[in-house]
Amino acid sequence: MAIEQAVDSERMESFFRRLEAKGMDALWRQRPGDRTGGAPFPPFRWRWSDIESFVQEATELVRPGPQAERRVVLLGNPHVPGNLGATHTLTAAVQTVLPGEIAPSHRHTAAAIRWVLRGKGTITMVDGEPCEMNPGDLVLTPGWCWHGHINQSDGPMVWMDSLDVPLVGALQAMLQEPYPDELNPATKPVGDSYARYGSGSMRPVWGSTSSPISPLLTFPWSQTERALHQLAKIDASPFDDVAFQFTNPLTGGHVLPTIGCWIQMLRPGVRTQAHRHMTSAVYQVFRGRGSTIIDGVQLDWEEGDFFALPPRAWHEHVNRSTEHEALLFSTNDLPVFEALNLYREEPYADRNGHQDVIGSYEERAG
Amino acid sequence: MAIEQAVDSERMESFFRRLEAKGMDALWRQRPGDRTGGAPFPPFRWRWSDIESFVQEATELVRPGPQAERRVVLLGNPHVPGNLGATHTLTAAVQTVLPGEIAPSHRHTAAAIRWVLRGKGTITMVDGEPCEMNPGDLVLTPGWCWHGHINQSDGPMVWMDSLDVPLVGALQAMLQEPYPDELNPATKPVGDSYARYGSGSMRPVWGSTSSPISPLLTFPWSQTERALHQLAKIDASPFDDVAFQFTNPLTGGHVLPTIGCWIQMLRPGVRTQAHRHMTSAVYQVFRGRGSTIIDGVQLDWEEGDFFALPPRAWHEHVNRSTEHEALLFSTNDLPVFEALNLYREEPYADRNGHQDVIGSYEERAG
Amino acid sequence: MAIEQAVDSERMESFFRRLEAKGMDALWRQRPGDRTGGAPFPPFRWRWSDIESFVQEATELVRPGPQAERRVVLLGNPHVPGNLGATHTLTAAVQTVLPGEIAPSHRHTAAAIRWVLRGKGTITMVDGEPCEMNPGDLVLTPGWCWHGHINQSDGPMVWMDSLDVPLVGALQAMLQEPYPDELNPATKPVGDSYARYGSGSMRPVWGSTSSPISPLLTFPWSQTERALHQLAKIDASPFDDVAFQFTNPLTGGHVLPTIGCWIQMLRPGVRTQAHRHMTSAVYQVFRGRGSTIIDGVQLDWEEGDFFALPPRAWHEHVNRSTEHEALLFSTNDLPVFEALNLYREEPYADRNGHQDVIGSYEERAG
Amino acid sequence: MAIEQAVDSERMESFFRRLEAKGMDALWRQRPGDRTGGAPFPPFRWRWSDIESFVQEATELVRPGPQAERRVVLLGNPHVPGNLGATHTLTAAVQTVLPGEIAPSHRHTAAAIRWVLRGKGTITMVDGEPCEMNPGDLVLTPGWCWHGHINQSDGPMVWMDSLDVPLVGALQAMLQEPYPDELNPATKPVGDSYARYGSGSMRPVWGSTSSPISPLLTFPWSQTERALHQLAKIDASPFDDVAFQFTNPLTGGHVLPTIGCWIQMLRPGVRTQAHRHMTSAVYQVFRGRGSTIIDGVQLDWEEGDFFALPPRAWHEHVNRSTEHEALLFSTNDLPVFEALNLYREEPYADRNGHQDVIGSYEERAG
């Protein structure tokens, strides 16, 4: 082409330099968007044995209060550049509160969920509602709600935190402020939101205006577990086996505008088919042991482990036990992708939906 | 006025006659809309003792099938002209199916709910899902779903039907067709929709697209009762005491686009405050005894009774027992008034919200 | 059957009588819903020549004010029992206001639209916005808005009114009250809502909260006509030719929750295909002449005529001119049927979508 | 505190190092969210004189096609780390196509808008619809639509591009693919979407299902300008003066799920009041000259200039002319913040809503 021949690289470089001096650039100098459609970063797994020992050590090193606003061990996927999250949109972390301790109240624009792992007798105060925490309970703290934690029991309390901090950070929308006192006071009885919205498909005839944020703040394990067993008798997904999304009872949609929460049961011996989607997720292995094959790499997990699924990675799950169920809790960014019309998914077409296993996570990581 | 003086009544009458001959009329000859805002017709009550004996007699007179598509005793408010409904929008009726009988399948554009009163072991088949029926269960049959009933037990089965037939009739939209066979076949297991949507605020991660019709077809009494007791500890409405609306889990809205369903518990000794609204309702006294004061007239009720509340009538409820709860199930036309932007309500301002009782229902009726 | 044989008709009649005495009935005594699915009543046509002479005579007989709240000639389809409407849900009427006259302000729960036929210089005051009226303009008066009319010109003003009075009446929701003064005052400039929402797909960046009622109150003819000609170059419906629904700019839906408004252009020589739907409509022939074939009966129309289409009637339109367009304005009850999930439609499958013409409207009517 | 005393910094550092080795971190080591609420980065301005000369030079250096997919000069705010955008969510750029040139078709998950600055006779092909481009026209290319540009005129064509690339990049959702041929073919006539949806508040009675993406692809300047002048007679915002949001005619919401588009007119001599909000914006000065005061710093602008407003910065606009209007086009991320429930705004309370000017943009920029 005439132009190409005429332009020597020196002139082009000069052009680029002069552009930069004015806060500009040439688009043709930039890399185009991803043309492979593959996962933008690899998965990551955190072993419970590691987490547990760090959590134990953290109880010796700091305590919640002025010194450390929260005693939280963050699970940050090092493959996500500049990110403290388990994925590019979601954090995962493990928080501990010892008997008598208070994690002081604050609020932030980021939303959070708590998925309870160990202990009982701790209260999370959410905008005046004291929410009880028992293993398997899901507790919401929507964005900009005052919230703190107090352990009134005689044993340590351990739970998973998952927040939308990387997303809110990317949106430059992360604001935070401390509560003027140690703990925001209870203005409602324990179980308030559950009494109103928790018992199936009913709502009080007064005061229930629609909201993108679930007014139901706690989803107790007893109910969740019973529902999984009932659904297991009826139907299952080829990709996720027996799986529920927690929902906002006022809309039937996600519990929070930025964080989706799932509980899934892999029945004994089940191997799901592979698929991929635009969204990412953080899994916590609540019970059982098995594997997830991600882009052909086998990642094994057992009770307590966490792992992060990157966007657009082919993935399928295997329950390694033929006797016991495996239970996976996960958070995801599906609400964001749906709201912004960016969601798509695709089943894996080959080999009846199963990937060739081409390596193990340990080999790849190590 | 010049015109008035000039126009003799003879000419006006001639004008009216000539208009009529052409399918026209003069607006000034018509009565204006209601300028009082009061109830357009009085309430009505049906005693269980009467209903029960008629239902018994009906079992001797007809049986479901070719002879009588349904063995149903209709509760028609005679104050609503030209109407077979309990109100101008809703029917109420009591249906009985004896052991071994089948009420053959059909479908109609009108939607229906069943509120179970007596018996067990009967199945309502709703578009292929066999729905169990036990006292206090609510079962939906949305418009244009094939449905029939079969009593597989050794005792009679009795339930309340409530349909939107008067509304659908006013809309000239009542279509009906018989199923080609006796009963439409089961294509799903018992409890299918409950397993998917019934267990609190969760939904399967697959296959749940939004719909104005609840995919959940059964609302079992055990869950309803537990929810009422939980809510009673937390909060209550001044007008309806402890009251839930049954909801569509996919939207948080009404279970059907034309029929709202409520369950309410009047705690021992409670007297609610009066209010009025644009909507009408049919109440069934599931348990207890008390009174409802409607436009100053006291209407007493006890277990099994039905009563119809007209639109725009001031009303308040009294539980006459200081020991036992009273439980009222009701259907209403609230979804219609909300959808058409016609809903309004108003609290009764005088005497702390309580009406003067100026007479009894018996005096007025008799 | 044993039961049938055992029951003598005398006992059954006694049963029916005793039921009636208690405000009850037996369902098996009632006729079932319509099993044909055909139109529940025949169409009706009003000739402009008749309307015009009655309207002229009405100006001699009454004037708006205490004597006749509105000088309105109602077009009531006599085939709809007990109904003053053109269909079972909608009225059609023609209103005249002479120079200097005021049709005094009032409000009612029924909603109304005005479709301007003749004259100019009249203002309809809608909740403080003075709305100009010129032929082909559509003006809304949503339910419960104060509204009145004042003719400030030197010629008579004539327009079509269409209200949801039969629907609101069937819902027992028709309330009305007079404004304390003659005309509610202007609190906004002429063209206020049009300046905010009328100019294509834009809205002010402030103050636009969603509403089921269009904030845009006037839809001027110049814009409507231009849009029809632009659409005609691009696409058309087989059933309605070039046809627009007027929309609420805040939702993209109908202008009112109970009344849909359409404008359609039948291009020269066009004969549409037949279809039927659950909804009814009232048509006003704004320009041109042609025919509508309804359930095989040919109904001819020309400029100024009105006709009412019943629900579920097969219908197709013919423009009898091969040179000029025919323009039909219509109101319909589609928003109601959509909101209540009762809408369905069906194309006519035979003879390339065309009905056999088996008679003329005149033969049938006469 | 006992713990604090016991923990020496060496042990803490060891803890941090061992955490890192396992892909973890301690939350108390991280900085908390922003507790000031201020703007996270400063504004930026690009002068038209600079842009124009670079755009001219670019026509000599490259041409669209294999060499440079697009001849685009990017306006990248250097204060946003790692970002090629004008803000953290939006790009701004200037594209030129010379007579006879084709910018070849491709598609990407990122959505784009074109705001036409100079020239005529160029077509943007959007999923088969040829969209004309004239100065002041807004043209949409929603995500994943095939699109290319062809200049069929005898003069250069220049327009502003704004995309959601930084947002989509942060969501790891940026996919792109080239069209197999040079230009995707026209499958619809010119003006197709405008004929359907462009003419005010109407839509065809067929084929208009709701969508979060505007089916209307072009918003012509003649209509936009007329609307601004009509609105100016009626009302204005204290913060934005006469300002419209372009809307999706099917929903009344934003034109795209990720990009909001505004046009605003500052009337002669107007100085707006200051406010701030969570969202960012890129402004293009379509006509006039004036200033925007951002966090107390005065940024002057004139016709052709671009400037980027960071989130949460106090800002107010001044039209420096007392005779002529100033017209600002802008894109913003408001749809994202609304969808994720993160939007908030705040008026500036002091000095009647006006900031003290504490410096000029030139001084600050150095």
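The letters A, B, C and D name the chains in turn, as written, and every chain counts its residues from 1.
Methods note: a residue touches a chain if its C-beta (ideal position, glycine included) is under 8 Å from a C-beta of that chain, and two chains touch if they have at least 3 such contacts.
As the structure is a computational prediction, the values presented were derived from the model and not from experiment.
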Partner chains shared by subunit C and subunit D (touch criterion as defined above): none
Contact-graph distance - origin subunit A, target subunit C: 2
Same-residue or different-residue interface between subunit B and subunit C, half as cut-off: same
Distance between chain centroids, defined by C-alpha means - subunit A, subunit B (Å): 44
Inter-centroid spacing, subunit D versus subunit A (mean Cα positions, whole Å): 30
Inter-centroid spacing, subunit D versus subunit B (mean Cα positions, whole Å): 53
Touching two or more other chains - residues of subunit B: none
Touch-based graph of the chains, sorted into line, ring, star, complete or other: ring
Complete list of chain pairs which touch one another: A-B, A-D, B-C, C-D
Complex contacts: residues of subunit B adjacent to subunit A: 189, 191-192, 194-206, 208, 210, 214, 216, 219, 223-224, 226-227, 230-231, 233-235, 237, 240, 243-252, 255, 262-264
Subunit D - residues contacting subunit A, complex: 1, 3-4, 6-7, 11-12, 15, 18-19, 22-28, 30, 32-35, 37, 40-41, 44, 46-47, 50-51, 54, 57-58, 60-63, 65, 67-78, 82, 84, 88-89, 93, 108-110, 143, 165, 167-168, 170-177, 212-213, 257-258, 278, 280, 310-312, 333, 336-337, 339-342
